[in-house]
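Take a look at the structure set out below.
By letter and in written order, the chains are A, B and C; residue numbering begins at 1 in each of them.
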Amino acid sequence: MLDTATAAATRLAQPDALLQTNAIDMLREDTLLSASLWVNVALAGLAILVFVYMGRNVETPRARLIWVSTLLVPLVSIASYSALLSGLTIGTLEMPAGHALAGESVLSPWGRYLTWTLSTPMILLALGLLAGTDTAKLFTAITMDIGMCVTGLAAALTTQSYLLRWAFYGISSAFFLVVLYILLAEWPADAVEAGTADIFGTLKVLTVVLWLGYPILWALGTEGLALLDVAVTSWGYSGLDILAKYVFAFLLLRWVAGNEQTVSTAPPAATAAATDD
Amino acid sequence: MLDTATAAATRLAQPDALLQTNAIDMLREDTLLSASLWVNVALAGLAILVFVYMGRNVETPRARLIWVSTLLVPLVSIASYSALLSGLTIGTLEMPAGHALAGESVLSPWGRYLTWTLSTPMILLALGLLAGTDTAKLFTAITMDIGMCVTGLAAALTTQSYLLRWAFYGISSAFFLVVLYILLAEWPADAVEAGTADIFGTLKVLTVVLWLGYPILWALGTEGLALLDVAVTSWGYSGLDILAKYVFAFLLLRWVAGNEQTVSTAPPAATAAATDD
Amino acid sequence: MLDTATAAATRLAQPDALLQTNAIDMLREDTLLSASLWVNVALAGLAILVFVYMGRNVETPRARLIWVSTLLVPLVSIASYSALLSGLTIGTLEMPAGHALAGESVLSPWGRYLTWTLSTPMILLALGLLAGTDTAKLFTAITMDIGMCVTGLAAALTTQSYLLRWAFYGISSAFFLVVLYILLAEWPADAVEAGTADIFGTLKVLTVVLWLGYPILWALGTEGLALLDVAVTSWGYSGLDILAKYVFAFLLLRWVAGNEQTVSTAPPAATAAATDD
């Protein structure tokens, strides 16, 4: 009888709050899952050391701004993965009717979506500065990217309606389309003018292909159609983060360190954009 | 006895947390209330389509910046109202002693205050760019506006003291006075120099009158003196949002699309402000 | 038996959520503790009035930008301390094994860390503008400062692992080192060029010495090694806030009001930085 009272009380008291303790226990019991987080703490730490070393001689303001915004990517990442591991930004959610795991407790690493709100704008800032774009386009790319991440967080946290989970997924994807349009249709032309077309082309393809992986993984993973289990989903995100963040940043910084002149002698419009933001 | 244990446990466990489930049930049972949210999802969606179409030929950077910041208003709005409907940013609060509904569960659509933090700066950015103002004034208007929204959120969420609810209301109103001062005393003169005095004058009056409606509605609604019931309060906010956001944005965009030359040939100071931010 | 059920339910339902009610009761019973908060509400209010008066004649855009960002410091502060007093941003946490108070409920004024995220960038913005620095350095200082505050918040909220509390403390301190480097090695040279070396030197020393006090206090206070009790810790933070915020801002504003010419006739690079941000 006590158990019944307890269960009823728990249900009433916290119908859909995020239960941290369950999540931390899941993490401790599932080595494969926790490894997917620890590997990123280690790689982000390594990336920070390498990037600081690579940027030690960068001196012109515009190149330094690209360098710092790129360096912020692994800095946000190490804080983000530490927060997941500490249980601060991870929890379990009870999925709504309609979901493949309806009624079950599903691990939600919601901190990922939150910290992407901080790290992905830094990637776009670095790319936009590299392409020498103007303020209006940079503002558009970054605000739409933040819209994408925040509504992605809403999709992950919604537990009252299966339909509304996918509605937020749709809104988030619409924001993503605007970001893609800028990456594929607007900035390549700006990069030609700025003399950075080669490196921008490489990084653009890398970013577009890898960023497409995130919504696909969400749809297939535990929070969407649940075709993949929780550890595989987590490794998927961690793998994408490794490529889209540290490898991306390494390529960008290696080029900037070796071509600081090109970056600092960009055309007037580009320079303006660089120093203005 | 079970019920007593349950009730006691609930009270102990979540003394003043936001109960999502109650709020979602209230929404489902009250058609008038939920209609006040759905109508904004529909209108925001329509506004997005119309605004994208209206801005299709806008090309100069400054006009595009105004267009994108205006377009972000219904984009934030559709996400905000979806979050209210999904139960993510809505809850019930037990009002403190002194409040007309003290001890009762009152529906708190606290997500409104949170998302205004994101949408109202976009309105001020568009207005400031239209007036061709300088960075210092734009920074002032936007930071004070964010202060107004965040302390408004605090006013809505405070449940330990009736007095402190109104203290936050007072702080929020003080921030609002600074915004009003800039709208009424600073930007009109800038707009004359920029050659946008006519349209700025119209939008200024619309904004000032409608924005004054929000604190008045808060004071009269369920969260303040509780003279209006929850559905009427919600319709009040939704109606204000429709006029202050979509109608406002429509008028602004129609003018910008038809007067792109005026916007892009603003005086030096104004141009600087436009491209710098 | 009822009590057992209730206690079990409470433990299950809210394993590590922040209990507001306990915190508010602690505040009400501990006059010394609550006085440490009220004194800041009073002083922040006084500072706002004094600063508005001091800045009444400041007219050039760059000096006004410094003035507004400085004025925002007590504005954020009064909202922050009101939120602590209202119980909104204060709670009790059960410390993890290893902590001196392991298993006990410890008062966490986590709202302090959250609001420093908003107020300390304003201090750095004012200092950077005073030194006439470029956008890249200002961006670096402010983003690293935000990283410091957000990971400080994570350190305060982590309850699952004592080690991870100190890991976040370490990450936060690493961000702080970057801020210190900019304050001590980069901006002094910029300030010499801008003709503001004297006042910048004074404010730099004040800021560096006082800001070092915060991590030391965290380490010694209830959230770290718990050598100081909760009221002493709170008075420590309140005292540091009084010196690092209101006294700092007073010195800065008095100088700006009396030397507006120097600020507005800064060298080109400095002027660009001022109007660009």
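Here is the rule we go by: a residue touches a chain if its C-beta (ideal position, glycine included) is under 8 Å from a C-beta of that chain, and two chains touch if they have at least 3 such contacts.
Small disclaimer: the values here were computed from a predicted structure and weren't measured.
Enquirer: Using only the C-alpha atoms, find the rotation that maps chain A onto chain C and quote its angle between 0 and 180 degrees, to the nearest 5.
Expert: It works out to 120 degrees.
Enquirer: Would you mind working out whether chain A and chain B touch using mostly the same residue numbers, over half shared, or mostly different ones?
Expert: different
Enquirer: Which integer distance in Å separates the CA centroid of chain A from that of chain B?
Expert: 27
Enquirer: Which residues does chain C have that touch at least 2 chains other than itself?
Expert: Residue numbers touching two or more other chains: 5-6, 9, 13-14, 17, 276.
Enquirer: Looking at the complex, which residues from chain C come into contact with chain A?
Expert: Its residues touching chain A are 1, 4-6, 8-9, 12-17, 134-137, 139-140, 143, 147, 150-151, 154, 157-161, 164, 167-168, 171, 175, 272, 276.
Enquirer: Would you pull the chain C residues touching chain B in the complex into a rising list?
Expert: The contact residues of chain C facing chain B are 2, 5-6, 9-10, 13-14, 17, 19-21, 24, 61-62, 64-65, 68-69, 72, 75-76, 78-79, 82-83, 85-88, 275-277.
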